[in-house]
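In what follows, subunit A forms one complex with subunit B and a second complex with subunit C.
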Partner chain A sequence: MSYLEIKNINKRFKDDIVFDDVSLSVNKGEFFVVFGPSGSGKTVLLRLLSGIMSQDSGQIFMDGVCIDDLDPNERDISMAFQNFALYPHMDAFENIASPLIAQKTSPDEIKKRVQEVAELLKIDHVLSHKPKELSNGQKQRTSLARSLVVRPSVVLLDDPLRNVDAKIRYEMRLELPKVLKEFNTTVIYVTQDYKEAMALGERVGVLANSNFTDVDHPTHVYKKPNNITSAKLFGDPTINVLNASNISSGDLSTITASKITIESNNPNLKNQRDLFLGIRPEDIQISNQAHEGAIKVELRAKTPLNLRTVYLLRFEDGVEVLASASEEESLLIDDQKDFYIRFDNSNLNFFDQSESLIQ
Partner chain B sequence: MAKLIINNLNKVFSVKFGKNVHAVKDFNLNLEDGEILALLGSSGCGKTTTLRIVAGFESPTSGEIRFDDRDMIALPPSKRNVAMAFEGYALYPPLTVKDNISFGLMREKLSKSEIEKKVKEITELLEITDILHRYPSTVSGGQAQRVSLARALVRTSDILLLDEPMSQLEPQLRAVLRARVKDYIQHNNKTSVFVTHDQTEAIALADKIAVMEGGELQQLASPYDIRVKPQNVFVASFIGEPPMNMLNAVYQDEGDKINFLIKNENNENAFTLSYNKTSIDQSKIINLQNNQNLVIGIRPQKINFDSTDVNHNANISLTSNHWLGDQIHLGFELNGINIIGVADRNFSVSNSMKINFASSSINAFDSSSQKVIFNGF
Partner chain C sequence: MISSSNTLTKIFKFLAYFFIIMFFLFPILWIFMMSFMTNDEILRKVPTIIFSPTFENYIALLKGKINTPAGVMDVFYMQNILNSFILSSCSVLLTLILGIPAAYAFARYKFKGGEDIAFTILSFKFAPALLIIIPLNLYFTKLGLYDSYFALVWVYQLITLPLLLWIVRGYFEDVSEDIEHAYRLDGHSWFKSFWKISIPLARPGIAASSLICFIFAWNNFVFALILGSSSIQPVTVGALSFITASAIPYGLIAAGIVLSVIPTLTLALIIQKYLVEGLSLGAVKG
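Then we have the complex of A and B:
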């Protein structure tokens, strides 16, 4: 099933290690998202795949064949860019047709293929427009159409929705997977936006610290990230990480973090005296009543976030956590009364001293 | 701290070989002592010009700026007693981070121990205690922005002005710093104006939001009212994530019920939304004319997924289902019209789910004036 395969890639710029022994395999027709903070090497990875840059060591395979010695134009891979990179003097039709002209495709065939891809991307009514007459959304669609018109086996998309407004971004989020499925192409999609990664990716590869820290379904990465770095890249607000101590007796581990106590029979927690507790803001339950196991906290600030509400809360020992509640939940909370919180035990994670997930 | 009063403010930039630019048009504002205002809009909307006029870096073409009852127009920036954080940070390169922050306090003639105390508090709050002895050129963009913010927050001033104060902050820190900064500003009763293009930041921090576009104030209201009672199509579609669903429609009065004929891109009827007159607040619709063209706005979060009674005649298909951790984004097609909905994170999504639009979720705008007719009815 593996179609695009990266094996043991190393890449450095002088002293800066971009990739340290990176391997990855992507299936045919898969929508794969590469997600990571700026500077993590996402764009470098696309450059290696497209052939405009080469790795120091390691190999890249497509359909079982090593493509390292192929020039960019010999690879069955095309790319669309964040900043559109359209030719300003050509109209949308000519921009989209340009790779076909380079391949010496017949004029009739060019017309047919441009029309087809333009209809799918809903830009067939602006094909005679020059880039400066196109809206940002239309520019992005034109750039996308140009990368798809050659019907590549693999298409590389470098943060294509970064420079378009929110409305177009949401439209494209819904539409893009459908359009790309029509072309039956394998997609490598780069983004810095965790929501985009989760919405679009059949699988997500989290790129941080010179390697993939997680490669899995977005839901799994969100719920069970392999380490704290990965965990913190998801969520707005992001995960709370608290220092915790653990006392094990027999099979039972009792973990304490700022008065919150959790008991667990997980054998992997044994012998981990100091660890980190990770809990997402939406998994902290807030109440004005002292339910069993709830800990009193002080409300420091309340900030609305879209239709949710984010509470900055402080334990007696000064440790702060962020909790978030939906609009309905927040209506039940009275800011003037005492605050008590509980952690949803089914959704919390423990990390060891090296910040790796304790399974 | 002081009240900020802006009356009939105008700023026209004259352009030698082109049309003059009317950057700020008849802007009025009354900000109470200790209130936080966000000037929100996309680039070129006039928000930064307004801030610069309040600071004194720009003089208005006409209008009045007062701090309490003191007229500011004639005063240079240094005499206005404002503290400001600049978008480009403007840190002093030869001074350490700590000296950058305490510089303004030394001019206030505070004692050394008072300065130490204040600097300690603000640098702990902004998590920059570990870089106090570094120079600006050696810190990251996110850190430099926190230093610039610290320098402005720590000053004693009548008005605090912040230009895109959190745009470069590390995403993982943003939520917690927003909350702490809000707490600090409220605690110290600082009258504040900040400029931002980020609605999340505006909604999180501000007591009042001024949405600007084309130099004009579109709406000035609390974050809640901006969201729930948008006064025109621009504000409605600018605020909210995912954006509000905006549908072109024609109004029809059918005696005991009212209809909205929802139009597709080719102006053909896609489907009809109907409400019984007995189930709605009829005072909201008295100004509607039969066959009036409307824009109907529905927030993705306000769409009903579990309702059994259906008030439209569209066939629904679920086109996408994105679980995003704390919420689910759903895409639907209703007879060719795309609608985005947001469901709770634990909601169980099914392909055959019904969707429905409660009357309270319907915002109606006149399509020619773009102004609101009602927000829920």
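Then we have the complex of A and C:
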């Protein structure tokens, strides 16, 4: 039931290729997250969808109808900008009412609808304020309210939580899906924060190198990334990718990477002699004891990240990996003693020479 | 910070302000006083600030009849002021109509030769008026435009249009494109977003440059002198007629200057509100 469909879009700015034959389809009512590093073209994608910019080639369909020739005001799409883009000379009420005015709604109806959406977003007490009198959180809510007030079929949210402080960001991460559910609208949400993508998205598209490298459920992208690019972008601290060699005998493949040996029955591994092994830092277990199968490493650095501690460790052959431990685990680790690590075999991924996932 | 509580500092500060203000405002004050004096009082050997004010000069200007040693002379100073007003406001109006869309285009759209056109328009301002005045005079005579308001308003565009264009362009460039895009996405047409978003947000620039244009047009002398006869001449040219072979009536000239400053000053006071407004509008994010 694809509702919004992008077909073979190409876009370039002079010599800079932003999109190379990009296709995507989003279902009605879906919460779709576009994730990618800065400069990957996330905002450009929203601009193409909203009609602010046009693609060099390719088509965009909404509900089966091509919308390429429609001006921004003729598309049933609204957008909340990363920088809020509130009208500085109008108060919050007028800002939110703007789309209703464009639809020639009656003044009574406008009042009612603005009040409704303002209450939902908890900004009904600041409706008479000009944007410069609003806090960043309120500005952000006003801009969201403006994009939702007409109940558009598609809402584009351009990294709306980027310019607000951490507290509001967490608050909104919880609140946003709830609010958007009320409007029963298709959402395209752009972010650079993989946690936001995990928290909000029903599906996520990883945008890198001029195309989507992965389109799937966020947990799936995290656990089974399509390729090394997706794997590296999606997750923080970033995934470890080690060079590995493989010796197959019969059905059994024996993979070695920096003294770590893994055995697998996966038939797809059989003919891959050189490959890459990907493992998330939290799937590396650290210990001061030399358990069976554990490899001795040297501690290079350590730093706290969110609630975990991240260790930079080095194998004897010089290869470095990142490992992370929860707060309780890290209390048990003595930095002065020897370090041993073990890989959690259930969460390993192998990539072939072309950096694609070996299923 | 240097403490200013000390009395001596206060006195010095006062004196400094006093001298600065006097330096700039004394000529204006003096002209204002002269306009209430008779010629004899003005030409007294030791100038004094104590005199019995007279409205004679103003009355003579308003009536259009001045007494000279050679007899009563007709002047059309009030007509000149009206001419100045018509010429300046029409010029500014035309400049606004032509200049604002042009400034917007130069600010928003990058088109081939755009910068060159913008610079060419600016270069009109560099050209000395005397360089073009003679050909212009010939053209206008041929076209039958000599001695018409329209001709002068047209020529004044050489002065006002580049000014407005370049100032307002900068203001349009400062308006975030996203704000305009957001308004379009709300469902408004391009024209509405131009009218309701771009223009109001550039209003301080438009106000400031309109005022400057008005003053430049008001103060223009050469174009009006050459391209028009007495019926359309503005104050700058009209004031010349006071100077006759028999006398220079300083009091009258002073009164004339005071009268001619009033419209510009009033306009500046009205526009001031919009000039300040620009400072108080926060742009995209705070």
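One rule holds for everything that comes next: the second predicted complex is superposed on the first by the 359 of 359 C-alpha atoms of A that agree within 3 Å, B and C clash if a C-alpha of one lies under 4 Å from a C-alpha of the other, contacts with A are read in each partner's own complex, and residues count from 1 in each chain.
Methods note: a contact is a pair of C-beta atoms (placed from the backbone, for glycine too) under 8 Å apart; a residue touches a chain by one contact, two chains touch by 3 or more.
No experiment lies behind these values; they were computed from the predicted model shown.
Annotation: superposed three-chain arrangement on subunit A; subunit B versus subunit C shows no clash, the two fitting side by side. In the superposed model, A:Tyr170 lies in contact with subunit B only, and not with subunit C.
When the shared chain is aligned, subunit B comes close enough to touch A:Lys232, but subunit C does not. Across the overlaid complexes, the C-alpha centre of subunit A sees subunit B and subunit C at an angle of 80°, to the nearest 10. In the superposition on chain A, contact is made by A:Thr219 with subunit B only, not with subunit C. Looking at the shared chain after the overlay, A:Gly58 reaches neither subunit B nor subunit C. After overlaying the two complexes on the shared chain, residue contacts for A:Arg308 are found with subunit B alone; subunit C is out of touch.
The least CA distance from subunit B to subunit C in the superposed model is 5 Å.
In the three-chain superposition model, subunit A touches subunit B and subunit C at no common residue. Across the complex, subunit C meets subunit A through its residues 176, 178-179, 181-190, 192, 197, 200-201, 280-286.
Contacts from subunit A toward subunit B in the complex involve residues 37, 166-167, 170-171, 173-174, 177-178, 195, 198-199, 218-219, 222, 232-238, 280-282, 300-308, 310, 312, 320, 322, 324, 326-327.
Of all residues in subunit A, those touching subunit C in their complex are 47, 50-52, 71-73, 75, 77-79, 81, 83-89, 98-99, 101-103, 130-132, 134, 136, 139, 143, 146, 150, 163.
Residues 171-172, 174-176, 178-180, 182-183, 186, 200, 203-205, 223-224, 227, 237, 240-243, 299, 301, 319-320, 322-327, 329, 331, 338, 340, 342, 344-345 of subunit B touch subunit A in their complex.
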